[in-house]
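Listed below are the structures to be examined.
Okay, so chain A shows up in both of these, paired with chain B first and chain C after.
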Partner chain A sequence: MATGARKAVYPLFQLGGPQLRIFRPNFYMLVVRPGVPQPEDTVQFRVSMEMTKVDIKNYLEKIYNVPVAAVRTRIQYGANNKRNHKNQRVKKPDYKVAYVQLGQGQTFQFPNLFPEKEQDTETRSFDDFKNTYMEREKQRQKGDPRRGGVPDWFGL
Partner chain B sequence: MRRSSAALREERGAIERRASRKAPPLSVPAALSRGGACRLEGWLVHVVPSGQSGVPGGEGCPSAVSLLCKMAASGRRRLLSHGRCWFSQTESAAPPQSPDSLYPPIVASATAKSKAAKRRRLEYFNQRVHAAASIEEKLRLYGQLQRPKYMLYPQTFALNADRWYRSFTKTVFVPGLPPRAVSAAAKAPGAVAPEAAKTPEGAAGVAPEAAKAPAPGTAAPGAAKTPGLAAGAAPYLDMGELRSLACDALLQESFYQNKKRPYLYRDQDHTPGPFLTQLVSTLAAFLCGRNPLLAASSLDLKPEVNYYWHHGEEVVVHGHRKGRVDPVRFQIDDHPHLQIRVPKQLPEIVPLESDLGDVPVIDHKPSKLPLFKKQYENKVFIGSKVADPCCYGHTQFHLIPDKLKRERFVRANLEDQIEVLYRANGIASLFAWTAAQAMYQGFWNEADVTHPFVSQAVVTDGKYFAFFCYQLNTLALTVETIQNNPRKNICWGTDSKPLYDVVEDGSVKGFNDEVLLQLVRFLLNRPKEL
Partner chain C sequence: MAAAGAMAALCRRLTAALRVSGARLGSTAAGFPGLMLNLFHKNLAKVEPFHQLKFLHTTLSRKGLEEFFDDPRNWGEKNVKSGDAWNIKQLRGKSSEDLHKLWYVLLKEKNMLLTLEQESKRQLRPMPSPERLEKVEKSMKNIDLVVREREIALRLLQTGHEKPVPGEWRNDFLGRTYWYTYKEWPIPWYLNKKYKKRKFYYLPHVNHFIRLRLEKSLRRRVRRQNLEKTRQKVLERKFPHLAVKSQSQ
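Right after this comes the complex of A and B.
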């Protein structure tokens, strides 16, 4: 998901018309699961390359009412090593990562988005039935066990 | 085992090439002369007993065998000299042979790329440090190997730094000062209770106050200021005197002295710094009579305190050492504003094995604090060199810099981090100081301290004072030594309290006697014998 800012387009001003100047941020911020374990109060975001630490702090505080104690950012360089079918290098896009430390003692744990669905009795019994059927089919494909795995398309 | 003739020829050629080199005399086991088996590092020599049949190969001639042993020994030494120099010298001595064993003891290799070899190298290193001739030599060996290490700053803007520092130093934080520091209630309304906090009540009779030369720079005779005391009578501190001393210092620095406007971001060096220096010097001089330890103390101005230690393990991420398991190294380079060093150690506050709380555990890398790595000299220093007689610490005074002033925290909506800053400063600075003191006495993480090391600190930004006491019970923080070590270091500390409210028109408004009293109690702390 592209987290860049788009150029804002305002309606053309005619004499006597209202002057509309609404400054709204055009960025998006994406919460991501950290690759390495982070402290409990740290949230990791992918933000637009044009955002600064102050921007991120104001964004979270004013729009989402999240108390922010500290923000640290870095830019992740996207590699340029992959090649396409024309042997041209394909660049992965660069992105900015922000580590936000929450204030007032709040903590954040990235949720598990794909939990194991608990199976009810119907699904479980269907799965068991399927497994037994597959095993029986495989058993039928196998040859005589007395032949020790040797194929039976030759011989007597 | 039959060796191929080509290998034998090559070996003989190697022996002839090395024959010209000078080899140290190596005692050849007696069995070799009879043709027994001899196993040497790096060379497998099968010396066949001449009586046996069916096992050809190897040298049967004793003289060739002894030559081979000598060559092997010299070759073994050469092999080591290419490797890491910090362990190579230990291999020169052959392991001693008990008279009843014919063969040298079988030990793990010292140069192989195996865990046993690594353990053996570590053992040799520990033996070398244990057997070091002097403390300087011990410190030199301890910090000989330089690798990237985390730099810990006692005064840091990092959030919740005190929790991290407690985890790195295995410290338990106990709010409030230890009970013996809280003296009995004021016995007389005007006079303050004696410093019975630190001295037992029986020894209330203080030696007659002699005006001794106090800290360098201030030659104010203490006798003129101390009130007359009858020998044997319970001394009391004149709060009026002390208050006037403190207010004089404060007014001198902030009101009477004509100073230019402070330079940008140099506010702390303009007024609170000199005020603190002046206050401590005059108080120490004033209290010399009551505390003979202060008279023999040494007051350092802007000293340097360093400590280097290992704690925990991590895997090296990139570089030519990628994948190896390394200890996590830390270094504290602290610059307190003032410190008092004394020749005698402060008494312990609680017994060595006390357990007063829990040490926080962090499960991620320290670099998330944020904490950064650098490689430079591994220094262990208390403020003076090893030969200095004042080798124990008494009190440190820290000044909070401009970057970490209270107003900046308040403006950034981080009021709860103000106390965190004071606590982190107290814990880290005192740990570094007490641990360096312990190293100056010859203890280190393999030779843990036998008695606790106690020091005190006052962290201030000129107006707000916070007091800390630290007891170092253990230095063993490395992975091997921390496993069976139940001891924890303990830090007592208070919140920051203001000494005064405001200074205006030549007078100090809202002076807080409690803070001054606590400061005086800290300065009067001394061992029970004195």
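Right after this comes the complex of A and C.
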């Protein structure tokens, strides 16, 4: 039974009713590198489709302790043009993008998560082994050195 | 637990020393003062997040946005080691408070891994150890199951009902019987136009199709049982020494 996949049902709200509190939210939020350069205090997120601006503000403030000044959201439509080997249309999933402006004058720059790291001894030795093997293979491919680079296809 | 406590004490002394000297927390070696230890592994060390240094303001301070990213030492690595997923049996032994905290730890870990996945797709690089995502999802599902079990037990004791929302068996217009859960509406059912359009009964001409459906399901069941029997016979022919000896008098 897909417990997480089906839509969660929340109690109906009517005027004067209690505030809805969700105890174990299953909403995800991930930081993305903005495609278009954003101002320094703006962070771009991809959030679950059901989240509202208020939800996102509370989520960041309560769970991550990040001061939030403003949130703007939009839903990005995923294209349905590509076709698979059966000529059926393959849909790219839709997702909601949130632009969050941090409070208290904070700034954010998306970091480089794949910096160049120096190779450790294992990979270096493997590379050396690979290089020596390739050189040996090339030597075998070459013909008799006394023929001066002429291929063996020619007679004599 | 002791190691975590010692590490916490060391970090506290470090931040205290920095506060006194007024040095900038620019180096990554100081780590993220606000970051909790990686509680993904089985030992649940209760480490409180440190208080923010209010008078120290750096332009790059993310105050918690750093939790969307892994430990900086792991950036650029090909493989990141991680422990196993949480088992249901292990989770059943934890208190509700512990499960609540663990849920949020796993949620933050999931966010971090999803960020890493998206960034690796963007940079056209392989994501280091993608199996961590599956482990986190499995752990979260297990926590959900355990909490659900406890809720059902409590509800059974208090009210005698198993399900949180009442319902009943109903027929749809195709003759199928299904469990209908009651929905909350602000208006009664006889004023609900959308609900009145739904038909929870079927007309007599549907009986023929019910019969066909029944025959199809019976045929599928018999086919499945025959397949099982033939598979069993094939195995017995191949491995006669492993056949189950039938009880003979």
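In the analysis below, the second predicted complex is superposed on the first by the 95 of 156 C-alpha atoms of A that agree within 3 Å, B and C clash if a C-alpha of one lies under 4 Å from a C-alpha of the other, contacts with A are read in each partner's own complex, and residues count from 1 in each chain.
Keep in mind that, in the parts below, a contact is a pair of C-beta atoms (placed from the backbone, for glycine too) under 8 Å apart; a residue touches a chain by one contact, two chains touch by 3 or more.
Keep in mind that what you see is a predicted model, and the values were worked out from it rather than measured.
Placing chain B and chain C on a common chain A by superposition gives a fit, with no clash between them. When the two structures are aligned on the shared chain, A:P111 is found in touch with chain C, with no touch to chain B.
More residues of chain A are in touch with C than with the other of chain B and chain C.
Contacts of A:P67 after superposition on the shared chain: both chain B and chain C are touched.
Contacts of A:G103 after superposition: chain B is touched, whereas chain C is not reached. Touch criterion not met for A:F154: it reaches neither chain B nor chain C. Contacts of A:V9 after superposition on the shared chain: chain C is touched, whereas chain B is not. Of the two partner chains, chain B is the only one that A:P37 touches; chain C does not reach it.
Of the two partner chains, chain C is the only one touched by A:F23; chain B is not. Minimum C-alpha separation, chain B to chain C, in the superposed model: 16 Å.
The intersection of chain A residues touching chain B with those touching chain C, taken from the two complexes, comprises 67, 105. On the chain B side of its complex with chain A, the touching residues are 159-160, 362-365, 368-370, 413-414, 416-417. On chain C, the positions that touch chain A within their shared complex are 34, 49, 57, 59-65, 67-70, 75-77, 100, 103-104, 107-108, 110-111, 114-120, 122-123, 125, 140-141, 143-145, 147-148, 165, 183-186.
Chain A makes touch with chain C in their complex at residues 3-4, 9, 11-12, 14, 23-26, 28-33, 43, 46, 60, 63-67, 102, 105-109, 111-117.
Taken together, the chain A residues at the contact with chain B in this complex read 36-39, 41-42, 67, 69-70, 72, 99, 101, 103-105.
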